[in-house]
Amino acid sequence: MTGHFNASELLAVIAARQLRDDTTVFAGVGVPLLAAALAKRRHAPRLTMVIEGGIIGPQIAPGRLPVSTNEMRAGHRATMLPGITDAFLFAQRGFVDVGFMGGAQIDQYGNINTSVLGADYWRPKVRLPGTGGANDIASLCREVIIVTAHEKRRFVERVDFVTSPSWLRGDGSRKAAGLLFGGVSRVVTTLGILGFDPESKRMRIEATHPGVSTDALRQNTGFPLLEAPRIEITEPPSDEELEMLRALDPERRFLG
Amino acid sequence: MGDPRLNPAEYDFIAARRRTEAKTKSAAEKLTSLEDAVGRVKDGNQIGVGGCLFSRTPLALMREILRQRRRGLTLARNLTCNEGELFMAAGAASRVMTAWMSIGLPWGVSKILRHYVETGAVALEEWSHLALGLRFRAGAMGVPFLPALTMLGSDLVGVGGLKTVQDPYTGETLAAVPALFPDVALLHVHRADRFGNCQIDGYPHMDADIARAATTVLVSTEEIISDEETRRSPDRTVVPGFVVDALVRVPFGSFPHECYGLYEADYDHFAEYCAAIDARGPAAVGEYLERYVYGPPTWSDYLDLFGGERMALQAKRAKELTG
Amino acid sequence: MTGHFNASELLAVIAARQLRDDTTVFAGVGVPLLAAALAKRRHAPRLTMVIEGGIIGPQIAPGRLPVSTNEMRAGHRATMLPGITDAFLFAQRGFVDVGFMGGAQIDQYGNINTSVLGADYWRPKVRLPGTGGANDIASLCREVIIVTAHEKRRFVERVDFVTSPSWLRGDGSRKAAGLLFGGVSRVVTTLGILGFDPESKRMRIEATHPGVSTDALRQNTGFPLLEAPRIEITEPPSDEELEMLRALDPERRFLG
Amino acid sequence: MGDPRLNPAEYDFIAARRRTEAKTKSAAEKLTSLEDAVGRVKDGNQIGVGGCLFSRTPLALMREILRQRRRGLTLARNLTCNEGELFMAAGAASRVMTAWMSIGLPWGVSKILRHYVETGAVALEEWSHLALGLRFRAGAMGVPFLPALTMLGSDLVGVGGLKTVQDPYTGETLAAVPALFPDVALLHVHRADRFGNCQIDGYPHMDADIARAATTVLVSTEEIISDEETRRSPDRTVVPGFVVDALVRVPFGSFPHECYGLYEADYDHFAEYCAAIDARGPAAVGEYLERYVYGPPTWSDYLDLFGGERMALQAKRAKELTG
């Protein structure tokens, strides 16, 4: 990692690259939305963003980034405002190619916890805000990409509570639970890109960012990581990417 | 499955229909005062709250509920903002049914949420965003459940007592999201005629479903329009008058939350509110209740605390974003 | 029956009287809609009409009566246009007090056939237009009132096909079929008003129009009619009622 | 139960979802010609038809299907008007799924309906109005069925093969209305931008559900608007561009049926059409097909048969009714 960009910028740029043109993406506010907006401006002009506030096709106004999925800023210059329930139903019907989300706690099967820390749901050690639309995005999109800082306390062997299901306990348990579609394909972190072993559905290293060793990834992960047959090294963010990204958030509300 | 917190009365579509059948469904005038409208709310009621997070929250109606000192309420709202904190701190709500609660990313995890839930004072029943939306929609449709492909496999299943259903055609197993028939719906809308026909601009959120699912429907509106105006744009009406029990004209009725196209949410106010909590803990919400809820006798007095200049600025910002 | 009004006018006036103020009515086009419009003008100003085309609160324009439930004339000066499916869902939720409908063939339990004559549905002797919204109105409204000419060929012991269910075969068979609400309360005809025995749910005479004997009713009915404990004689249409009604249909499109 | 006419492919939500997943969901331009758009329709397809009865019928698209001589089609439409008669008489449709078919009360029971169904040439599968609406809605939601309280107890149950489902919460038995995932949806709308974002005035009918339920979506529009105009009123959009496969600009694209606010249905034309059938039987429809469908090469040539004066009159009448 060079000194020309910070962790949030790296995350946003690498995440943006995951999106293809002529697709739809369900994006949460913060870095996921920034990444989607960057992809649309840079290489995917025919990408359509869907936001859980019930918004389709917004054009985020630089300098007025939304802090919630349900405010005027999120729907700025949208092409459709179908309402919250219907926005998710588009995903349930198969119209959303990629779900783009963050996560507080993530386990080796890609399951996410944003609900409670501690063993007793009703009297938790720490009450977190909750799922919002994350559970639905994880359940319903064709493919889910998680975007998150890579910290040992986030990457835990077993989450205290499965808020948003990915591969559950591996071995077909997702499908057995009635989740017939989708699942997490990649986890884009500040250290690299993780994927899942096609059989066991356990997390594996697929790429590292420049200057990051696989050992560094392991040291920052609370469970053993598998390795893909070939581990790539990501291209660092280009000046063009960083310039476009920074123009979207001149107040550095999410880029820090 | 079958957690005791999933109350059979919530999804009893037969009883809910009987209550609606027994209601007068009239095209009569519905205009009244906040005090009179909110007088219909009883201790222990389950309340479906319109808008979402800090958008179109029916704050004037909710403030009046706090002023009337209701207790033991359940609030059901997909994303719960600081209005939920006020209800917790006032001792008005003992249960909150939601998919997410806090003000918004920049203000971090709600310390008030943490305080009341971690101590067990308030039960927070978490459903996925879509599942709670479908609970209202099932209620609006008059059926006890809707099939869905969400929430399955997660630990949320056990929290709310979600059951499954087998599709009789393909044999597949789907989530059976139970209906929710709130006792009361609270909505804030852009405009309504005096007969209660309501129109909303911008985000529809879930207001139309919540209104149809509830037994009693209370609406505040930015503006009262003529019957003629409703009839000129009937395709803009989202709640018909016969569903509405009481209607109150309350300009800026969601402030400091937003109303699409009319005023933006007051982020600075949220920051001040959070700073006070950071400094003085949950007691700061008690002070806030005194200053903003119990103190000012009318909504107009309440708005004076913000001042016309700030409201004008938020109105200007809304125009810029949606114009 | 005097010579001052015809059969359609009689039907419309008597039907209109069945509607109370401060209620909602699901009305089909033709005489039911005329009757609802008359009630609203005359004694039920706070009545709300719902039309299956997805229309709430229209004010029918005199001289421009709709011939279908889905055209601009039906929605003239409406207060809401929720769409077809949602209009019926209001009824399913319990928001519609009265369903007002006609019928081709009706049996002693109030079941209606508007689908096929003959024994084989797929190769019928006569194919009729079908249910439209009649099945739903019969299933979902709190109470249903049928408005129809009284002819022996219409009032049959057993309909060839139950398009719109009323009491099915009596004796709780409606509820057993899963129809938990509603049912036909009255049948307003050109000869009188019929109801149903509370126990057997078989049709009975509740009122006759002036100058019509119960024998005349029986002779025009294809099955035995029971009698209510007390049989009323209806008030004939007043000049005021007729005048208001005729003003609604100056072209006499439905009044004949 | 389980009539052979209820085809499992109709409600197979898994296969339907896979088809949608495999589609390109792009914000690209969708504008094309009638010929090219309709080239996507294949023999044997099941077609969901937008509008209702003689309101917003996608007649320009349907005429082009007849001109391309498709066969073995199933038409699914809640109220079927004379467009259904044309498809029967042309030998294009072998099955019609509907709640009602004829032109309208003043023109009596359709003699063409009677002829083709009573002889067994066409299968008419009847569903209740709400049930067929819920079939499209279940499809739009991506689930295999929706629970409802309608159609139960009637003989319609056996026609379509309706099954029931037990509510897992209350134990009550409800109708399980099966989803319908048409191969193709045909819609006619008031306006769309070139990316396929569609807006409708007045009656929404079921177009939004039909579009979401179908695999391939073809739209004709009275008017093409700019991207800017869509973004000024996003709350008016009912079908998003990524759902639409092909878009064609066709002013008066429903004529002689109505388009809310723009032109009223041409009752006189219906009367002439019915008089010809009264006089010459089903053969009159063959003559009509020659004159109106196979003869005029373009939609504009077709409209010339009605003449500008009549269209202007119908436009004036629409303004009077909705202005």
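Going by the order they are written in, the chains are A, B, C and D; count residues from 1 in each one.
What we mean here is this: a residue touches a chain if its C-beta (ideal position, glycine included) is under 8 Å from a C-beta of that chain, and two chains touch if they have at least 3 such contacts.
Everything quoted here is computed from the prediction, not taken from an experiment.
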Fill in: Contact-richer chain pair (by C-beta pairs counted) among B-C and A-B
A-B
Worksheet item: Whole-Å distance, chain B centre to chain C centre, using C-alpha means?
Response: 39
Worksheet, complete the sentence: Taking each chain's centre as the mean of its CA atoms, chain A sits from chain C at a distance in Å of 57
Fill in: Whole-Å gap between the CA centroids of chain C and chain D
29
Worksheet item: Which chain B residues reach two or more other chains?
Response: 14, 141-143, 148-149, 164, 172, 174, 202-204, 234-235
Worksheet item: Which parts of chain A, given as residue numbers and ranges, touch two or more other chains?
Response: 75, 81-82, 89, 92, 180-181
Worksheet item: Does the chain-touch network form a line, ring, star, complete graph or other?
Response: other
Fill in: Chain-chain contacts as defined at top
A-B, A-D, B-C, B-D, C-D
Response to the item:
In their shared complex, chain D is touched by residues of chain A numbered 21-24, 45-48, 56-57, 59, 75, 77-82, 89-90, 92-97, 142, 180-181
Fill in: Residue ranges of chain C in contact with chain D within the complex
29-30, 52-55, 61, 64, 67-73, 75-76, 81-85, 88-89, 92, 115, 121-133, 135-136, 139-140, 161-165, 168, 173-174, 177-181, 253
Fill in: chain D residues within the chain A interface of the complex
14, 16-21, 24-28, 140-143, 193, 195, 197, 212, 227, 230-231, 234-235, 237-238, 240-243
Fill in: For the chain B and chain A complex, residues of the former touching the latter
52-55, 78-79, 98-102, 104-106, 109-110, 113-114, 117-120, 123-124, 126, 128-131, 133-134, 136-137, 148-156, 158-159, 164, 172-175, 202-206, 209, 258, 260-261, 264-265, 267, 318, 321-322
Worksheet item: In their shared complex, at which residues does chain D touch chain B?
Response: 8, 11-14, 141-149, 163-170, 172, 174, 176, 178, 201-204, 234-235
